[in-house]
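Since the structure comes first, as structure tokens, the remarks are kept for the end.
Each chain carries a letter (A, B, C and D) given by its place in the written order, and its residues are counted from 1.
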Amino acid sequence: MISQASNYRRRAIVDQIMRGMAILATIVALIPLFLIIGYVIVRGGSSFSIAFFTEAYRAPIALGDDIRSPGGVLHGIVGTILITGLATLIAMPVGIMAGIFLAEYPSNSVAMTVRFCTDVLSAAPSIIVGVVAYTLIVRTTGAFAGYIGSIALAVLMIPIITRTTEEILKLVPQTVREASMALGAPKWWRTLTVVLPAALGAIVTGVMLAFARAAGETAPLILTVLGNNNLSYNLMAPIAALPLLTYRYTEQPFPVLNDLAWGTALVLTLMVLLVNISVRVATRNRLR
Amino acid sequence: MSHANQNEHPNITLKDLKPFYGSFQAVYPVNSIFKARSITAIIGPSGCGKSTVLRCINRMHEVVPGARVEGQVLLGDQDVYSHTIKPQAVRRRIGMVFQQPNPLRQLSIFENVAVGLRLDGMSKADVNVRVEESLRSAALWDEVKDKLNHSGLALSGGQQQRLCIARAIALRPSVLLFDEPCSALDPISTLKIEELLVELKQQFTIVIVTHNMQQAARISDHTLVFLVERINDVHRGVLVEEGETSQIFTSPQDERTTDYISGRVG
Amino acid sequence: MPQDTQQLTTWQYIQRRTQHGDVFFWFITLSFALAVVGLVAVIGFVIWNGSELARERFGLSALFQDGWNPIRGNFGALPAVYGTLVSSMIALCLAGPFGVLIGVFLTELCPQWLKTPLSFFVELLAAIPSVVYGLWGVFVFAPFFRDHVAIPLANSVGQVFPLLGGTVTAGRSLMVTGIILAIMILPTIAAISRDVIAVVPNHQREAMLAVGATRWEVIWKAVLPYARAGIIGGMMLGLGRALGETMAALMIVGGQKSRVPESLLEPGITAAALIASELPNANDFLHESMLIFMAFVLFGITLILNGIARMLVWYSARGPVGSIRA
Amino acid sequence: MEDIKAHRSPLALQRTVAERTIGHVQAESRTTRLQIANFSFYYGAFEALRDISMEIRDRQITAIIGPSGCGKSTLLRSINRMHDDTPGARGKGMIAIDGTNIYAHDADPIMLRRRIGMVFQRPNPFAKSIFDNVAYGLRVLGWRDRNAIAERVEQSLRKAAIWDEVKDRLKSSALGLSGGQQQRVCIARAIAPQPEIVLMDEPCSALDPIATLKVEDAMLELRRDYTVVIVTHNMEQAGRVSDDTAFMLMDSQTRAGLLVEFGATGNIFTNPKDQRTEDYISGRFG
């Protein structure tokens, strides 16, 4: 009485094959991704040493068969923290305030324009921002410097912070806003006492994600920061940065420097992993 | 009743039916018989598991991740949960209409009705005949015959719902399940659907879930009342009473049914 | 009736005069929001202005001429244009189908316990800096590809199809770049496919299931058509990312700037890589202006792609109401 | 009152208003507090409410009933201009409190909302302590005196019939309470600044029957001091608690909300003048 359609067998086989294909595609696609992370961990990990974290660059000198250690990447770590830290300081107020504007005045033409502009900024290849910073600042001041890199990175961070702030603030239930509104609270009071406290943790994670992304950006730095082989704390002059070291040491003919490139890549990757995982853990607790 | 007749118009029997979500049993065991060529209404407050029970009948319950069913659902004398039977075959035999009218967005009105037939690989000519027949049965043909190529979404809510009924009828099932089919519709569309249901019961065994008690009273022959039982913060659906609709609404046997029907709970 | 009988302080008086302070709040947030608009204006102005020399001198035709050689004053950017397009198209052709299938797997087929970790992993990969992909490409993938794919390919198929032929020397080539770019944009496409498939309403799936469709028939006839616009949008976003990607291309593409390579297995150049490598030490204003001009074109193309893509994703998430399909 | 009980629809809960309201003043003596006259409301070009007129009396409970989508919430929210931030939303006509039009040009919505309390469909406490939730409205008004605040908080919680349940945990988060408790804290929050009118938008639709009864008790308690307007989809509830009832419907052509009938609750439920009201009350709709 309950009978199967006559062509069911063929359909069932197609079903099986296509579902298998989707699984297979996922596995195949994950292979290179696992390989990359695996290589970075193994080869980067083996180049880790105390000197790696405590010394700046030393020129590799051949002593017989042995090539002396080229020092470490402390200058890159310091540079990245300084450059990205300044970038965060620039981007945070702009991004958060603009995000508040978008969330609290969501549907006028100014908000549409602002939203369009954040989309433009986040769509722009990072090299474009580098080109603009180069043309506008490096060319006029005549010098590469760390702070120019910070400005370029800040421009890349702003759309991320703005949009996460907007999204997070919009997640704060409208009903809670209404409760405050119905009690006669002005908008600014409502935002400060109800909306922002509820969203603060998530905004911080948004900033952290932007920081992680900016710390790995390389292209704008090539055009603005230039790089430095010595440990420097001066953002007004060329300064080293981890992604720049990864790039430059990749291009070097010395295997010891190539090893350092793997090491810096691992540092960058670990940072991205840590930030993303901690953000994920933090937001999961918030949502449940 | 001859065997062939029983085949054509089978009863549905629920035997110790227990729907689970993961390890949570959502409803206490249900035993009941839904008679052929009649309308059985399942009423109850939200969260009482009435939709869940309905979806067990054509094996739509198990589509939800982690959901499973214990017990039996007999269509005539065949258990739809038998290992030899595929859920796809069950669903072709037991059609379903959902709460929200759900024409497939990318398909035309015609293709929406034909979609199940196309899966079977039915010939073009046969499809044409069957689509027209189904749309006529669903009392929609006159309204859409000139725009069969238009999107189903261009129809009003009530028309969309009748389109979905036509889609279910097209496979010539013997049972039609309705999951709150009118809750998204305006009063006039509701009336049309109700009239259609009464019409359709000549050919199909009909089970309808509704939260609207008046609706159940208007159209159904039998009524099952489900309620939520709360024990230690665990909410579980329970079948509290079943019987002739007139009897349920005029002289319910169970105190809880009285409370529910008089609006004291739910 | 009870009233707020408390005395107004001066501050409260001022607040009420200025709509309870909301005007200030509006003004402050607005200024920061307009700063974002200002940034875009500055970017647009700078690359428009900076590329003026090249635009007046060559116009778009420079993008279709071969033989880039700044020292001799030849600014034919065709090799870069060709390299950018070809590597991005390779990336899209590889990552597109894979990405969509991953999206399907994550939403429709994946067991519940695997969903969150796998989704998270895919998102994580989009966050890994591109210089890391470049590094891996240079030291691991390019040599592997040269020895096990490129050389055998050039020696067999390459004899017939020059596009896959030529002499394979270094591992770096447009093909390798395209493959690395594919790996890089795969998470983007997969994540967007997953998102647009996840918002396909369940009632669409139920409609197919209730007429006795198999799982794949539900995906093929109800889910993918519904999500089609969004999936295409996701691919375009991926393409935009591939077009503008600088570091991986700069490290792997090989830096062959002077001519259009005959074979995909030869080194080439992409626009972004060309800009990054030559702008800081450009010979003269014209050279610089030409590079900025290329940045301008790149910016324009990625903007258009992104604009369309976002519209498609948005359209897919919202869905048209009452659209007519004749 | 007794007549109402006797003639109420058989579906209505058999429970008199009288037994739940002690010391309530006779309805007839109440004056008009809130006057709605020829009020229409628009979302852009869409007319959501058409030409509504009714008079809401002081210290009475007025229920607005009707099927979903009929605009009853829109009407309620128009009374304290909650739509002001919605682009394109605008009201036409008059809503006046004690004769002052709240849609006049110089009317200040923020001051208006300080005079009107509102309780929403879903309990929406802030992610703050119970105490801070109730004190929020007072702090908005600029209260600084801790003792005065504490006193008013207790008074409001008592009025909302929740004091006994929360008095030992005032410092713990309001989100830890059950739905019914949260809703009563929200009521306490709404009445803490001692508004003149309290609006309630389906305040019990997310609650179970027992919590519903408690909230209804709180409502009847509020009627001593406040003018209460309640939107509900539950006709039995309207029958149980309200003095006046407005029945609204959606125009099937334009989808605009219309006021079909307005009058004393007893009349609406037992002797509706309009056929559509009768249809609705007897369950022909929805």
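Convention: a residue touches a chain if its C-beta (ideal position, glycine included) is under 8 Å from a C-beta of that chain, and two chains touch if they have at least 3 such contacts.
Labels paired with UniProt names: A = Phosphate transport system permease protein PstA; B, D = Phosphate ABC transporter ATP-binding protein; C = Phosphate transport system permease protein.
Since the model is a prediction, treat every value here as computed from it, not as a measurement.
A centroid comparison over C-alpha atoms places D as the chain most distant from chain C. Summarising the inter-chain contacts, the pair of chains with the most C-beta pairs in contact is A-C. Centroid to centroid, with C-alpha atoms defining each point, chain C and chain D lie 52 Å apart. Chain centres here are Cα means. That of chain A falls 15 Å from that of chain C. Between the CA-based centres of chain B and chain D the separation comes to 38 Å, rounded to the whole angstrom. Shared contact sites, meaning residues of chain B that touch two or more other chains, fall at 88-89, 92, 119.
Listed for chain A are residues 5, 11-12, 186, 189, each touching two or more other chains. Across the assembly, chain C contributes residues 19-20, 212, 214, 217 that each touch 2 or more other chains.
Contact residues on chain D toward chain A in their complex (touch as defined above): 80, 82, 85, 87, 110-118, 120-122, 124-127, 136-137, 140-141, 186, 189-190, 193. Considering their complex, residues 107-108, 173, 175-176, 178-186, 189, 193-194, 197-198 of chain A touch chain D.
By the touch rule above, chain B contacts chain A in their complex via residues 7, 10, 75-76, 78, 80, 85-86, 88-90, 92-93, 119-121. Residue ranges of chain B in contact with chain D, taken from their complex: 186-188, 190, 212-214, 261-266. The touching residues of chain A, counted against chain B in their complex, run 1-8, 11-12.
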